[in-house]
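The structures considered in this document are given below.
What follows is a pair of complexes built around chain A, which joins chain B in one and chain C in the other.
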Partner chain A sequence: MAAGLARRDRRFGLLMAGPGLAAMLLVVLFPLVFTAWTSLYEFTLLRPVHDLFVGLGNFAAALDDGGFRHALRVTLAFVVAVVLLEFLLGLVVALALDSVERGRAVYYAILLCPLLMNPVVVGLIWRMFLHPTQGIVNYVIGLAGIAPVNWLGDPAVAFWTLVAVDIWHQVSFMVVLLLAGLAALPPEPYEAARMEGAGPIRAFFWITLPLLRPVITVTLLIRLIFAVRTYDLVYIMTRGGPGNATDLVSYFIYRQAFVTLNLGRAAAMSLVLLAIVLLLTAWLHRYMRSLRA
Partner chain B sequence: MTRALMLSTAAIALLTGAADARTIHILMESVPDTRFVQEVVPEFTAQTGIEVDIEVVNYAEMHTKLVPQLVAPAGSYDVIVVDFYWVGEFTKAGWLQPLDERIAASGFDTSVYFPAMMDLVGRVDGVVYMLPFYNYAMALTYRKDLLEDPAEQAAFAAKYGTPLRVPQGWDEYLKQVEFFTRKPDLHGVVNQGLRPDPIAMEWSNYLFARGGEYYDPATWEPKLTSPEAVAALEDYKRNVQEFGPLGAASFGFDEAFNVAAQGKAYSYITYNFFRTAYDDPSQSAVVGKMELAPVPVAGLNGGWGWAIPRSSPDPDAAWQFIAWIESPEIAKRRAALGGSPTRADVFADPDLNAKYPYYPALQALLEGSKNFPVFTYTPQFVEVLGRELSLAVTGEKEPAAALAAANEEFRALLRQDGKLP
Partner chain C sequence: MPDIRLEQVSKVYPGGVTAVDAVSLDIRDGELMVLLGPSGCGKSTTLRMIAGLEPITTGRLWIGERLMNEVDPKDRDLAFVFQSYALFPHMTVAGNLAFGMRIRGVPRAEAGRRLQEVAATLGLTELLERKPGQLSGGQRQRVALGRALLRDPVAFLLDEPLSNLDAKLRAGMRTELIKLHRRVGRTMIHVTHDQVEAMTMAERICIMRDGRIVQVGAPMEVYRNPADTFVAGFLASPPMNLLDARIEPEGAGALVIAHGLRVPLPGALPPGPVTLGLRPEEVTLAPDGAARIALDTVTQAVEALGPEVILVGALGDPRGPEVSWRMPRDFTAAIGQPVRLWLDPTTVRLFEAKSGVAIALSWPKP
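So, the complex of A and B:
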C-alpha cells in the first residue's frame, strides 16, 4: 500500500517535472551535443556544413594556440583574484550588516544597485570615469595630489582595473548570499558560547565559519563559474588589450567564432573551458567537504 | 458603447493595415552618415509607401549581428551596409546579390563614383555587388589656429629651420607633433590605440606615410618586416608614449576625438567625417579651429557600400531604396547635411563647395588614399595586426618582433585564402 503510494507519488512528480525537463533537454543538452559534434569538424561560417571530419584536430590546434593558452592563464588569474577579493570583502560587509538593527533595507537597496546594472552599462560608465584626462577618477585623485593613473592604457594596471570594476559590480552578490546565510544561523550555539566565556573572535572562527560553510561553498562556486564567463567588461573596456593583458578566454573564444568564423575551433575551445570549469567545481566541492571532516 | 466598438474596430483595421505595408529592414552603424540617412528616409516612405526600419548599432556589434542573418536562408535584413574590409569575406561566401542586372534595368549611372571607391566597396572581380555609400578615408586633422599663429611660426622656424605650414612630408609632420607637445595642456597628437581596428586602421596611415606597403601588389608577398614598416611602428609608439595624452594606448576613436575636440591635441589622424563634428559646439571646444588635410605622402582609404544580401526577404524593395538613396538629388542632400560623399558630381556641386571649403582637400584625399588589404580573411588579419601593434606600443614586444609575428600570420591567412602558394 505504502509502496504503491510512493510509486504514484514518484510518477506524479515526474509528470509535473516533465515539461521542465524537456525544455531543459532542448535548451541545454541540444546546444551541448551540437557543440561537441561541431568540434570534431572543420566547420566555419563561410562553409557551415559538417562534411570535413577532423577528429580531435580542433582540440590539438586549440591547445597548440599560444593565444588560447595565454587567455586561459589570464582568465585563471582574473577568476582567482575576483573570487577571493569579492569573498573577503563580501564577508566583512555581510558581518557588519548582520549586526545592523535599523535601516537594513536601505543598505540592501544601495548594495543591490550595481548588481542590477547590465555589465555593458557598467563597462561604459567606468570607461568614462577612468578616462585618463577627462575622467572623474583621475580628477579626484588629482585633488589629493596623486599623479594621474593610466587605468586602461598600461598593461600592468589594466588587469587590476578590470578586477576592481568587477568587484564594484559583483561584490554585492556575495554580500547578499552570505547575509542570507548569516540570518539563518541558529542563535543557540552563540548563547552557549557566551555562557562558556568565548569572545566574538572565537565565536566567529568556531561557530559562524563552520556553520556557514555550505553557504560559502555555493556562493564561491556560483561566483567562480560566473567569473570564468566574464566577457562584457573586457569587450567594452579593453578589447583584451593593451597588448593582450586582459584577453579573457570567453572573449578569445568569441573572436574565434565570430571574427575568425571558425566555429569548429571555437567549439573545441569551449569544451576545453567547460572541462576546466567542471574540474574546478568538483575540486572546490570536495575541498569544502573535506574541511568538515 | 457602439462608438467605442467602432473606434476599436477602426483601430484594429489601422493596425493590421500598417502590418500589411511593405517594410524594409536595414542594419547600420551609429555614425553621422547614418543619422543623415535617417533624416531623409521619411521622403522615401512618402513616395513609395515602403516603410524603412533602420537598426543602428555600434560598429563592433555589426559583424556579429550580420553573419548569422547572412548565413540563414531567409535573413531579417533587406538592405545591409558593408564595410570595405568585409567585402572579400562576404563575396567569397556568396552572401551578396550581384547588382549588375538591376543597375542595367533601372539605368542607374555608376560612372559618377570615384574609381577608387568603386574598387573598394563596389565591384569585385568585375561584378558589382555594392554601391559606394560613404567614404571614411583617413585625414590629418590639425589645429589651424596654432599653425597660422605668427609667434608659433617664428618659434618653429627658429627651432627646425623650416617653415610651419600644412605638412607636405611625413618628417615635417613628426616635427610639428614634437613641437606642439606642451604637457599637460597640449599634446602634439592623440592616437586611437585600442585594439583591434582603431589601432590597425590608424597605423596604416603611418605605414603608407613612411612609404611602406602591406604586401607586394604583384605577388601578395607580405611586406610588414620592411624597414619602412618598422620605422612606422616606431613613429607610432613614440607618438603614443611621448607626445600623446596618457591612456592613448587604450583610446577608441570617440575618446581620442574628445581629446582633440577639447583642444588638448594639436593633431589627430582620423576618419574625415569627424571634420563636421569639430564645428559642432555641442561636442567641440575648438569650433572653427580645426582643419583637414591629406595625410602626408598617403593615408588609408575606407568606405561603406550598400548591398542586398542573398537572404534579403524583399530584394526588389531593397533595390528601390538603394537606387533612391544613391540618386544624385538625395546624395547631394545627404552631403549638404554633412555626409561624406563618394560621387564626383557631388564634389563638383557649387553649392556644396561654397558650404564646405574643404571639399577640394577631401577630394584629393580620396584620390590619393591607399587601400587596406582586402581578402577573405581581412577581419582576422585586422585582429592579428591590432594585437601585435598594441603589444609593441605598450612595450611588451619590440616593434620589429611584433611586425615579424604579424607578417607570419598574414602570410598564413593569405595561404589559407589561396592568394599565396
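So, the complex of A and C:
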C-alpha cells in the first residue's frame, strides 16, 4: 500500500519535472556533449563537419598555444586581483555598515545599484567615462592638475582599469554577503571579550575573523568562480587589448571560435576552462558540506 | 573586597521604555545575592549595568568607594557568566579559558599553571583540547564558569547560567555553584527567574517586578513574610493561596472571613476587603494546640508527587475558590469528597485588597 503510494508519488514527480528536465537536457547537456565531441575533431566554421578525427590533438595544440597560455595567465592575475581587492574593500565596507543603526536600507540600496546593472551596460558607461579626451574621469583629474591617462589604451594601465571597473561593479556582492555574515554573529562572545578587556582590534582578529571564516570562504569561492568567466567587460571595453594586455581566457576562446573560426580548438579550450571552474565548484561544494558536518 | 552599591539606578531605552526604575541595592562583600523575577522585570538589565555592558541612564553604581558609572567593563574587575555561555566557538576549551589571561598578558607559565588548576577544579582537564561544539550543555557551563574563575574578580555576575540545562543537571549545577561560592568566598550576583534556584542558592533574594525592587531579604524571611501578593504568589510551587476576604470587628479584635472560613486576628483592624494568604503547608489533618481553626476543602484533584501529595480543592463548598494544600504522602481522597483541615491562625498573612501590600499582624508572644 505504502509502496504503491510512493511509486505513484515518484511517477507524478517525474511527470511534473519532465518538461523542465527535457528543456535542461536540450540547452545544457546537448551543447556540452556537442562541445566535447567537437573538441576531438578538426572542425572549423569553414568546414563544419565531423569527419577528421584528431583525438586529443586540439587539447595539445591549445596547451601549446602561447596566446592561450598568456590568456590563462592574465585571467589568473585578474581573478586574484579582483577577488582579493573586492574582498578587502567589501570587508571594510561591511564592517562599517554593520555598526550603522539608522538608514542602513539606504546604504544597501545605493550599494546594490551597480550589482543590478548588466555588465554590458557597466562596460559601456565606463568606456565613456574613461575616454582619453572626452571622458569625465580625465576631466576631473585634470581639474586637480593631473595629466590625462589613457585608461584603456595604455598596456600598463588597461589591466588595472579593468580590475577597477570590475571592483566597482561587483564589490557590493562581497559587502552584502559579508554583512549578512556579520549580522548573524552572536553578540555574547563580544560581550565576554569586552569583559575580559579585549579592544575592538583584538575582537576583530580573535573573534570576528575566525567566526566569519565560513562566510568568507564561501563568498571568495563564489566570486572566484564568476571572475574566472569574466567576458562582457573585456568584450565591451578593451577587446583584449591593447595588444593582449587584457586578453582574458573567455574572450580568447570567443576569438578562437568566431574570429579564427577554429571551433574544434575553441571547444578544447572551453573544456579546459570548464575543468578549472568545475574544480573550484567541487571545492566549494566540499567546503560547504564540511561546514554542515 | 568591596561592596557593590546601586543608588537609584535606572535604565531608560531610547524608545522611552523604562527597563529598570530607580533601583537601590547594597550587595555585601562575599554575599550570594539572587535577583529574582519574571522575564522582563529588569533583573538582567540590572546585572548588565553592574557589569558595564549597558550604560546606566541615571543613578550611581559604586564598587567600594569608586563610582563605576563611566568605568570600562574590563576595569570593573567583574566576571560575567552568560546564559548562552558565550564561549568562543572556534577556540578549544583551553583557548577559551586562557583568553582573558592572554589579553591581560599573564606570563605563559603562570597562565598554564592556573588554567590546569581551574580545569582540575571544574573537571575539565580531559576536555581541554575539545571545541565548545563537542561539549554537552553542562560542560559548556563549566567552561564559562572556569573563564570567570580565572579572572579572579571582585564579584561574579551570573545571568541565568542554569536555564539552558535540563532539570537534573540544573539541580547538580546549583549545588556546584553553592560549593564554589563557599570555596572562593567572592560576591556572587545570580540572576534567575526560577524561584527554586533563588530559594536554594541565595543568602539574600532581591525580588524584582516591572523594573522595581519589591522585596529584599533572606530566602526564608521573604518566604514567611512576603511584602505583597506578587511575592506571595511568585515564590514556591504551589504558591501561597490568595483569597478574597473581608475583615469584621469582633470583640476587642477582628475576624477575617473568606468563603466560610473565619480566622480570628489580634488587635483592632479596620473593617473592609483584604486578601488572605495561606501557605499550602500550614494546614494539618488533625487539630492540635496551635492548629485550631477548622477549614473544609472539597476535593477536586489529588496530585501525588512522591514525597508529598498536593490536594487541590474548593474552599468551603464546591463553588468556593480554588485552594491547594500540601498533604503527607499517604493522603488520599475521592473527587468531590470534603476534607476537614486545621489551621494555625498565626500562619495567615493579610494583604491590602487593592495594592496587595502586606498588612502587619502583631500576635501576642506565647
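Definition applied: the second predicted complex is superposed on the first by the 245 of 293 C-alpha atoms of A that agree within 3 Å, B and C clash if a C-alpha of one lies under 4 Å from a C-alpha of the other, contacts with A are read in each partner's own complex, and residues count from 1 in each chain.
Methods note: a residue touches a chain if its C-beta (ideal position, glycine included) is under 8 Å from a C-beta of that chain, and two chains touch if they have at least 3 such contacts.
All figures in this text were calculated on a predicted structure; none of them were measured in a lab.
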Q: Check the residue A:286 against both partner chains and state whether it touches chain B (first), chain C (second), both, or neither.
A: neither
**Q.** Of chain C and chain B, partner touching more chain A residues
**A.** B
Q. Taking the superposition as given, does A:8 touch the first partner, chain B, the second, chain C, both, or neither?
A. neither
Q: Return first, second, both or neither, reflecting whether A:104 touches chain B, chain C, both chains, or no partner chain.
A: neither
Q. Between chain B (first) and chain C (second), which does A:188 come into contact with in this model arrangement: first, second, both, or neither?
A. second
Q: In the overlay, answer first, second, both or neither for which of chain B and chain C A:244 touches.
A: first
Q. Touching A:198 in the superposition: chain B (first), chain C (second), both, neither?
A. second
Q. Looking at the overlay, does A:211 come into contact with chain B only (first), chain C only (second), both, or neither?
A. second
Q: Would you check which partner chain A:255 touches, where first means chain B only, second means chain C only, and both and neither mean what they say?
A: first
Q) Can A:73 be said to touch chain B (first), chain C (second), both, or neither? A) neither
(Q) Considering only the defined contacts, which chain A positions touch chain B in the complex? (A) 45-48, 67, 127, 131-134, 148, 150-155, 158, 235, 238-245, 255, 258-261
Q) Along chain B, where are the residues that touch chain A in the complex? A) 60, 63-64, 67, 71, 89, 92-93, 184, 193-196, 245-251, 255, 258-259, 262, 264, 376-377, 379-380, 383, 386-387, 390-391, 393-394, 396-397
Q | Residues of chain C touching chain A in the complex | A | 51-53, 73-75, 78-80, 82, 84-91, 99-100, 103-104, 147, 151
Q.
Looking at the complex, which residues from chain A come into contact with chain C?
A. 186, 188-189, 191-198, 202, 206-207, 210-211, 213
